[in-house]
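Next come the structures, one after another.
In what comes next, subunit A is part of two complexes: it sits with subunit B in the first one and with subunit C in the second one.
This part shows the complex of A and B:
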C-alpha cells in the first residue's frame, strides 16, 4: 500500500451531511451496534471497515432506515440528515430513501429491462415530465455508472441478463437516477472481478463530486483507494474514525492497528 | 447417514484404486438399494394409475357411442293436429303418447318397406325398441316447426338401452332371455336392422350436451346440466376466491405484524385446509340455505361452499409464492424509495404471479372434483332442466356437478348407467387435465428468472 501516497491525500473541508449520535441497534436480544457517533461529510467518500459481524452494514442500513423493514430490529439514538432527525415521525422513510440511495452487496436488478430498471426510481418519484426527460435521466445515470456504452443498443434487454459487474453498475445507475444526496454502498464489489471492481471504484471517485458516498468494504485496499474518511468498527462499536491516510498509517487505537495489519478479523 | 465415522482404517496408502474397498462397496450397495426403492415406488404408482385409467376408459368409452335407429315417419295430422290449425299452442295438447304412436307406425312401415322380416314380433315390442326419449324429441321438433305436420320426415332416434347394450356386447341372448325388458327375437331383429343400415352406433353428442334422464331411459342420459353446473361453479369459485385469497396472502405476508393474533390466523388457515369437506357441506347447508335462504341445489351455493374449501389452499399457495420472491428485490425497490404498496404491486406480485396462478388453478382443479359437500346442499338432485344463462340468474337454478353426476349414476340400477358413470369420469378427468396443463403453460409463460 506504500504506493498510494496516503499521507498526502487531502480532505476537502466540507460540512457534515449526516450526523449520528449515540446510535444503538438491537436485533431481538442481540446488541448489534453500541453507541456509535459519526459525522459523515458531504461530497466525501467514507469507508466503513471491520471484521464480519462488526455492525458496519447494520449502521449503514440505519442511515436510510432500511432496518425498519427488519421486524426484530430496534434502533435508538439520533441520526440527522442536513440537521433533520430522520426518525422524526413526520418524516416518510420513502422520501428519506429517495434522498439516501443504496447499492447492495449482491447485484439485485429488477427482472425488467435495463431501461425500466433505471427509470423505475424517477417514475415513482415523478422526477421526469414526459418520455424525453426520462430518456435523458436514464442516459445520464447510465453514463455516470460507466455502463452507457455497453448497453445503449440494448436498453430493452433484461437487466438480469447482464454480467455480474454490469449488473452492479446497473444497480448503481438505478440508485443515482433519483439524484440522491447520499449514496450508501454495502460491499458493492464483493461479487465482482478485479476489472469490474476497478471500474466501480473509479465510478465512486467520480460520484464524490456530487454525492456523499458511504461504502462498506471488507477490502482494506479498497477503503484506502477510494475513501477520504474511514471508520473502523469492531464488535458493534465504532473504534476509530478519521482521515483514511491517518487510519491506515498511524492508527491511534491498538485494535485498528491489529486489524489493518491482519492480526484480527 | 453414518458415512463420516472417524478413523476409517480402510484405503490404506498405496492400495490400487482398482481394488476398491469393502467400505466403498457397501456405500455403492446402499445407493443401489435406494435407487431400487425409488424405481419400485414409481413403478407401483404408474401401474396403479394405468390400471385405473384402463378400467375407466374401457368401461366409459362406449358411453360416447350410442345405437340409433333411423327411419321415415309420417307426421299424421289426424294425431298431432286434429283441429288442422297448425297452431303450436293447440298442438301442445297432444302429449308424447301420440308421438309414440307415430314413431311406432313409422318404424313398422319402414320395416315393411325395406322387406325386413319381423318374425312375428308384436307391434308393441317393435315400438319398444325405440327409446322413450324419441317421442319427446319428435314432439319438440314438430312444435317448433308446425309446417312438418302432414309431411314424412326422417327421424334418428336412440335405440333403447338394451339394444344399445347388445351392440356394445353388454347384452347377450342369454341375458335377454332372462330379461323382461328385451327378447332374443328383438336382438335378432337388431342384427337385421344393422345389416340393412337402419341401426348403427354413432358418436353420442347427447351424452355431452343432454340433461340427465331417468332409470327407464339410460340411453338419453347426458352430462349437459352437470357440465354447465360445474362450469358455473368454477367461474364463481374463481371470482370469490382469487381476490380474497390473494388479498389475504398479501396482507399476511407483507403487511401484518408478526404477533400472537397473526400466528393464530396462520395456524387456523392451515387447519381449515385440513377440515373434511363434508363439514363444509354441513356449514353451507346451515348458513347459505337455512339461514340466508339461498335456493338449494343451485350452483351459487355450491360455489360458495367450495370457495370456503378452496380459499385456504389458495392462500397457502399464494403465500408460498410471495415468500419465494427474493428479499433482495424488495430491498432494491425499498432502497430506491418505493413505498410498501409499490414494492408489492410493482415487484413482488408480478414475480409471484406464476406461483399464484399455478396454485389457484390446482386449487380450482381439486374443487372441480369435490363431491361430498355438494351432496349435502342438494346438488345430487335429479335435474333435467338446464339452468338459465349466467345473466338470467342461472346460478340460482338447480344444477348438478360432474363428480356428483358420477356418484348418482353409479348408484342407479340399470347396468347401462355403469358405462355412463365411467364416461362421466372420463369427461371429468379431461377437464382436470386441461386445467393442469393450463397451470403448467401459465407457469412457463410467466416464469421469470432473477
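This part shows the complex of A and C:
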C-alpha cells in the first residue's frame, strides 16, 4: 500500500526531537496554555493552527524559552530537546536559541548589510575561524534560503533595502546560519505576497531535510501545504495532534473539524 | 446537523450541489418506475419519454461535476466538507449509470411490446424495479440524514435484489427451454433484469458513500452476496450434459 500514498507526505520520522510534557503557561492571572503534551519529530514540518489567542504562539515561544523575556510569564512543565531539559539551570538560553532558531511574522533584518545580517549569529557564537570560513557560512545560508543568486552581487547593500519576501528569506538565512537543529517560524508568510509565500514554503520543505521545522500559521491551506504533522490549539489546550492529511480529511475531534472547515473562530 | 460556516456562501454552495444530487435521484427513480411500467403495460409513448428524459439526468451530472470542481478550487473544502464534495461526485456518477439502465430498459420495452409476453415475467421485473427504486430512495434519504445505521442496513439487504434476479433468471431459462421462439424476448428480459440488479448495486454504493461521508471511512468488503446459481441447478444435470 505504501507506494499508493502520496510519498511526500509520509511521516517517516518517528524520532522525537522535542518532547513537551504538562506544559502550562500563565501570563499574570491569565492561564494561556493548559497542560500541553506533544512530541515534535525530527526532520519534520509541524504546523500549529488555531484561532487567535489559542496559545499556539505562546507554546512556540516556550520551545526556545522566549517567554523568559516576558516578565509576567510563568512556564511550568517539562520540555526536552534531544532528551535534555531546556530549563536545566546549566543551559544557557542564548546557546539554546542558537540551536532552536526563530523567524518572526514581520521580516526584521538588522540595519546592517546583507552579509552582516547573516554573519551576525556565527560571529557572536564564534562558529567561524577566519574570514574565509565566515564567507562560506554566509554563502551556504543564503543558498539554503534561496536568496543567494538574488543578492550575491550586493552583499554589502543594506538588508532593509530588499523586498519584503527577500527580507524574510534573509531572516531565514540569518536563523539557519548558526546551524540550528530546530527552526521555529511564527507566521513567517503573513506579510508576504503569494509568490514570496510560495518561495518560503518551498524553502521550508527543503529545510525539512536537515531541521525540524515548527510553523505557526493562520492559513489553514499553508499548514496543509507545508506540514507533515499538524497540531490544533483551542482556548489554551492542544485539542488534536496528528498526521496533516488525517487532520484535514478526517479529524477526530469535532472542535478541529469546526475550526478547519470555518465554523468556529 | 452541523453548525453553519462563518462564511455563509460556503453553506449555500454545499447545499446547492447536494440539492442537485437529490433532484437527480428523483429523476432516476421516476425513470426506472416509468420504464418498468412501460414494459408491463406496453406503453411505447411512456418508453420514449423515459429515453428522452435521460438527457436531463446526464445534464444534471455535468452540472454537479462542474460545481464540485468550482467548490474544490474556490473553497478548498476540508474534513466533512471535503467528504460532502467527494461523495456527491460519486453518487452523481452512480445515479448517471442508473439512469442509463432505465433508458436501456425503456428501449428494450419498445422491442418487447411487439413480442408475445412471457408469463408473468414483466410483472416480476416491475416488482424488482420497485424494490430497487425503494432501495435507491432509502439510500438517498440516509444520505440527507447522514444515517449510518440505515446505510448499513441497505448494504445488508442487497441480497434480496440478487435473489429476485436469480429467480427471474430461472424463470426465463424455463421459458426458453419450453419454446425456443421465446429466446429473443427472454434474452431482452434477462438483460433488463441484470441491469436492474446493477442499479441495486449502485444503491448499495450510494449507501457506502453515506458511511464514508459520516465516518470518513469506506466500509469493508464483508457485504453478504447471494450465491451464483450454477446452470446445472436450474436445468438439471442431464440438460447440461448435452442432448
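The definition used in the following text is that the second predicted complex is superposed on the first by the 256 of 265 C-alpha atoms of A that agree within 3 Å, B and C clash if a C-alpha of one lies under 4 Å from a C-alpha of the other, contacts with A are read in each partner's own complex, and residues count from 1 in each chain.
Just so it is clear, a contact is a pair of C-beta atoms (placed from the backbone, for glycine too) under 8 Å apart; a residue touches a chain by one contact, two chains touch by 3 or more.
Owing to the predicted nature of the structure, the values given are computational and were not obtained by experimental measurement.
After superposition onto subunit A, the partners subunit B and subunit C occupy separate space and fit alongside each other. Contacts of A:94 after superposition on the shared chain: subunit B is touched, whereas subunit C is not. In the overlay built on the shared chain, the residue A:248 is in contact with subunit C alone; subunit B does not reach it. Comparing subunit B with subunit C, the partner in contact with more residues of subunit A is B.
When the two complexes are overlaid on their common chain A, residue A:43 makes contact with neither subunit B nor subunit C. In the superposed model, A:218 lies in contact with neither subunit B nor subunit C.
Angle at subunit A (Cα centre) between the Cα centres of subunit B and subunit C in the superposed arrangement: 140°, in steps of 10.
Of the two partner chains placed around the shared chain by superposition, subunit C is the only one that A:260 touches, whereas subunit B remains out of contact.
Within the superposed three-chain model, A:31 lies out of touch with both subunit B and subunit C [touch as defined at top].
With chain A used as the common frame, subunit B approaches subunit C to a shortest CA-CA distance of 29 Å.
By the touch criterion given at the top, residues 220-221, 224, 248-251, 256-258, 260-265 of subunit A touch subunit C in their complex. By the touch rule above, subunit A contacts subunit B in their complex via residues 64, 66, 69, 71, 94-98, 101-104, 106, 108-111, 120-121, 124-125, 160, 171, 174-175, 178. Residue ranges on subunit C touching subunit A, taken from their complex, read 2-7, 10, 76-83, 216-217. Subunit B meets subunit A in the complex at residues 257-258, 326, 328-339, 342, 346-347, 351, 448-450.
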